[in-house]
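There are two complexes below, and they share subunit A, which is joined by subunit B in the first and by subunit C in the second.
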Partner chain A sequence: MTTTTPTPSPAVRERSPGTAADPGAAARRRRAVSQWLFIAPAIAYMLVFFSYPLVRNVVMSFQQYTPATYFTGEAPFTGLDNWRAVLTDELFAASLWHTLVFTAGSLAGQFVIGMALALFFSRRFPLSGVMRSLLLLPWLIPMVVAGTVWRRVLDQETGVLNEALQGLNLTSGAIPWLSSPDFALLSVILVNIWIGIPFNMVILYGGLQEIPREIREAAVLDGAGFFRRFFGVTLPMLKPVVTVVLVLGFMSTVKILDLILALTNGGPANATETLGTHTYQLSFLQLDFGQGAVVGNVLILVSMVFAVIYLRANREGMAR
Partner chain B sequence: MRYRFRRPPRGAPTAAAAVLALLGAGCAAEPEPDVFTVMNSSTDEPYHSWDQEAMDRCGEEVGVTVRQISVPADQLVPKALRMASSHSLPDVLVLDGSDMPQFAEAGGLVPLAEVGVPTENLSEGARSFGGYDGTYYGAARSVNSLGLMYNKDILAEEGVEPPQTWAELSETAAELTEGERYGLAISALSTADGVYQFLPWLWSNGGDERRLAAPEAVEALEFVTSLIEDGSASRSAVNWTQADVNDQFIAGNAAMMVNGPWQKPVLEEHPEIDWGVVEVPVPEAGDTPVAPIGGTTFTVPVNEEHPEREDTAGAIVACMTSPEAQLDWSLKGSNVPVDPQAAEEYREQVPELAPFADQVQTARSRTEHVGTDWNVYSQAIGTALQAALTGEATPEQALTRAQSQVEEELRSRR
Partner chain C sequence: MSSTHTTTTGVRLTRAKRLDYASLVFGVLVLAVLLFPLYWMVNTALQPSAALAEIRWLPQTLDLSNFRSAWNSQADNLLTSILVALGAVAVCLALAAPAAYALARFRLRGARTVVFGTLITQMVPGIVVANALYNAYVELNLVNSYLGLILADASLGLPFTVILLRAFMVSIPEEVLEAGMVDGANRFRVLLSIALPMSRNALITGGLFTFLFAWSDFLFALTLNTTDAVKPVTLGIYEYLGAHVGDWGAVMAVATLSSVPAAILLVVAQRYVAAGISGGSIK
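Moving on to the complex of A and B:
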């Protein structure tokens, strides 16, 4: 939003003596109005689609907001009751922890594999384009579909994965991918990594293309090996892109809901309950919209912190 | 609030959708005088077409056009609430029996006696299912319950009879478990499906959702847990919906399953499977099986702007839930009519589903005792069920925890 402050040009300033009847002032006013008119749609859009829901959600978290509210419009304020109820609930602490593990695990897996693939494809070889587009597939499939398919694949007895593992003699028994609280979170993370790899790969691949070939060639001539080249040259030059990938990845991962609902419904025994599924359950299964809003606000707060980091990183990148 | 937790929308489509939604809401404010809307969750075929046929018939009888709006079951309540806040609810709202009290308590529903829906000859079950706080708000067309469905060929092969008590069930399920095949398939999801399936064990044993830590409840959960620990039922049950359970049964991965009559149309697509039904086994011979009643009720939302429409809506509800309509619907969709006479007729026409008709007689509604708090109980039961089945806690620990979870949540609401 830095473009919104209109700076009068020096020429205008010189010619205006400051009286209201002055034609220069009228022109300036007209210009200010037309400038505001240009940004008005953007401001209206932000107010309607971002500020209003955001403020509503914050207010809601201090209200007793139940199904009756939708009919009567009455939602009495209850102070910090909702916050206290949610924050002291063991399930909230568990969800917070699961969200952390899920997000960190997903990001690490997606990034490392995405980076490896991006490096692989940045070399030229036949059919590279075709393979690259095939790898995009997981990204194109709707989350719910992916979740449903993976639920079948990971089924303890009839799932393809266990049959394959046992057929290859890699495991002795069937692994309870989704039916044991010890494995479920890991399985959900693995599926999410599968979904997120294309996004990481595509962006990082684009970033790699931006790095001038000469620099890498120079490093080769200087005798730098692959790892030296990667950590000494490629990664530092890729830093702005890496920040973007990680921050955007974080913001989309931290609130994932549909994938987890389709895979495990937050179970078994709440093992995959995250802030996203917790707020869904409070709001739409228990119909306690006030408490649901509390968890939602926590999520927004977490996302906001990273949004600020993102904006900062972006500004640095642009200043360069 | 509703869209925020979806996967991040990538760009414009959401904005466009939101604008369209706003425009849509704006347009819906003034209803056409001769067009009445019924919102239900009958998104699946053939149910959607059957519903439309019934609505066309009733529209003709009442002299209006009836339009059907179907939304997925899990989105019906949020959507209806959203519509309530903009005063654009449909003329007739078809709600799941366990959701109806929420709307009744909010003052959003018209007592059916006021809009000409006959309430004199209702059975006790229908009254309890469609009533809240002594007032009858929801007319049911058909109800369902759970039964023990079994593969006749497999049972004949192994030379066993369908079990009637818990002990017999344990024994039979163990005998029928062989290789890839489990003796019994159940759903133990932490959401509605799994909780619904746990209730017959809990209630038939004299347990009650209001006393989850009581010995009767613990015993019931111990019994279900033992079926998994014996290896007679799959550990994957914690991830299976009732539709998944049916798939496992059809695939031959289970010799018996707990499921409802609504699976009949799917089972009929597999004529190679010869199946039968008995009531869900009870703890001891002679005990009364108590299963939950499931199903939907037709309600008439309060229409402040056009109160005259409520009467026509009532006439549509009366027509959709008349004994003839009930029988027709039940024969198609394999649920049980709530009208006693229609139920009798149904029993004669489909003797193979008679156990469900019997079960409905003693079944009870989930919201009978706890009303609008059912969701809180349901969540706690679902969590306890999964904690016990996955070995994360003993049945006793799990249920004790559930009880205090419910108490805490209810306290925070008052």
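Moving on to the complex of A and C:
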């Protein structure tokens, strides 16, 4: 992040409250107003598309929505009914658990493989640049498309993965990747790892480039082996980048919906239902927006914890 | 002395070269494994449906019938996707450019709070936005409208673009901008005629990513539309998958068509894409 130094400048001094006698005060105020006009449209837009939904979801979580609401326009307040109904539902606990497993599993896989690839690509060899950009493709295609493609690859009967595993005699029968509750969550995690590898790789690669060569060379001269070098030098120096990657990864993973809808639709037997898909099911399929809002609010609470971590990491980055 | 020096360098070079080729081979392997699903998508799309009962590692003939039927069913949706994505880019850049400029160049009290708030917005889950937005859209008559979807999709790229543009505009030397103000041009003129042309790369990156985000959007397309009036290709493929499950050739042809923008971007605008992924997150 670019350094915004808080050194007092003429413009800052200008801001200090002028006395009534100051003839320039009015002009300055007028200028400040005209300057804010540059930002006003963006702020208004963000208030409508981000702040309003946050507030409205809290209000909605205390209201009762039924399909009839759209004819009558009435959504009466029912206190904590929605919260009670959602939180005592077993499906909510399951969704919360799936969300945590999905997020933790995805992050671990994406990070480890992304890091390995970043290290691999930071040695220069022919075509490494071209390969690095080709690897971005999984991240660039729409998630619904990725889900659709993997549904084909993982298909129990006609999928190429089962065909290959059986051809190599690695498994005796076809594995029901997406059609068995025992495998579905794992499969969805594997696909999401595939999607997230490029993002992790690109940012970690960028971080690795920033580490001065001399430091690693010095460690080599000191006789440090690969793992000593990685855990003793590279990883500590990469820490700010690692934090940002993990937190951004968390933020985007915890709310994933389209991938799961395309792959499993939350099934089989709710095995891949997460907070995101559960909100969608409640609001848009059962048309109970009040209960959907409750789950959405829980999702926000979970995200908020990590938002704080992200902003702290970012502030450290800004101070650099 | 000097001869031994050259030999050691020579030995080191050949060893380095051997390592190069080992890396190259390993790199190709990694690439093959990670891109295999996409290869399989195209491979399936190119085979006649009847041939799909058995696994064919290579298409036997170039059969375009799947693409023909995919095009017939999805051409309208592809056009919708393009229109919506371009609209989102226009809205996003029009809002982001002046805001980023003001946040970067003016010393306004509260500017830090705005930057902070912009960072936070990236953390609001889309489904939460959709939940509230749908209900507001019903009241405002924006459900099933291009405008409604464009405005919603622009929100996917706006925070990212503001942060990216601001980071870029902070680094423009003040003298360059002041030079434009000598003739009495106001700040808005300076933005239009000096700051924006200089920020071209950042604008392209922000625009590309907003396009990509909007093109990939499925959530808003799914929730803010109740009829077929406005149907982007992401929604098209989802419904197609439900209706044609089993006819993988046709479904994979649609998937291939909807990946085209990503593929084009990667070839044409490679450096902007890499810059966008790293710049948008760390800066």
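The working rule: the second predicted complex is superposed on the first by the 270 of 320 C-alpha atoms of A that agree within 3 Å, B and C clash if a C-alpha of one lies under 4 Å from a C-alpha of the other, contacts with A are read in each partner's own complex, and residues count from 1 in each chain.
One rule holds for everything that comes next: a residue touches a chain if its C-beta (ideal position, glycine included) is under 8 Å from a C-beta of that chain, and two chains touch if they have at least 3 such contacts.
Given the structure is predicted, the values throughout are model-derived calculations rather than measurements.
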Return first, second, both or neither, reflecting whether A:163 touches subunit B, subunit C, both chains, or no partner chain.
second
Contact-wise, after the overlay, does A:284 reach subunit B, subunit C, both or neither (first, second, both, neither)?
both
Determine, under the contact definition given at the top, whether A:137 touches first (subunit B), second (subunit C), both, or neither.
second
For A:81 in the superposed arrangement: first (subunit B), second (subunit C), both or neither?
first
Now for A:212: first (subunit B), second (subunit C), both, or neither, which partner does it touch?
neither
Of the two partners subunit B and subunit C, indicate the one touching more residues belonging to subunit A.
C
Per the contact definition in the header, classify A:223: touching subunit B only (first), subunit C only (second), both, or neither.
neither
Subunit A residues touched by both subunit B and subunit C?
45, 49, 53, 56-57, 60, 70, 143, 151, 155, 158, 251, 255, 257-258, 276, 279-280, 283-284, 289, 292-293, 296, 299-300
Subunit B touches which residues of subunit A in the complex?
45, 49, 53, 56-57, 60, 64, 66-73, 81-82, 84-85, 89, 143, 151, 155-158, 176, 178-181, 251-252, 255-259, 264-271, 276, 279-281, 283-289, 291-293, 296, 299-300
Across the complex, what residues on subunit B touch subunit A?
1, 4-8, 15, 18, 74, 77-78, 81-82, 84-85, 102-103, 105-108, 180, 182, 189-191, 234-239, 248, 251, 253, 302, 375-376, 378-379, 382-383, 386-387, 389-390, 392-393, 408-409, 412-413
Going by the contact rule set out above, which residues of subunit A touch subunit C in the complex?
1-2, 4, 9, 11-12, 14-15, 32, 34-36, 38-39, 41-43, 45-46, 49-50, 52-54, 56-57, 60, 70, 117, 120-121, 123, 125-128, 131-146, 148-153, 155, 158, 160, 163, 194, 197-199, 202-203, 206, 241, 244-245, 248, 251, 254-255, 257-258, 261-262, 276, 279-280, 283-284, 289, 292-293, 296-297, 299-300, 303-304, 306-307, 310-311, 314, 317
In their complex, what parts of subunit C are in touch with subunit A?
19-21, 23-24, 26-28, 30-31, 34-35, 37-38, 40-41, 44, 52-53, 55, 94-96, 98-99, 101-103, 106-109, 111-112, 114, 116-136, 138, 151-152, 154-155, 158-159, 162, 167, 170-171, 187-188, 191, 212, 215-219, 222-223, 234, 237-238, 241, 248, 251-252, 255, 258-259, 262-263, 265-266, 270, 273-274, 277-278, 281-283
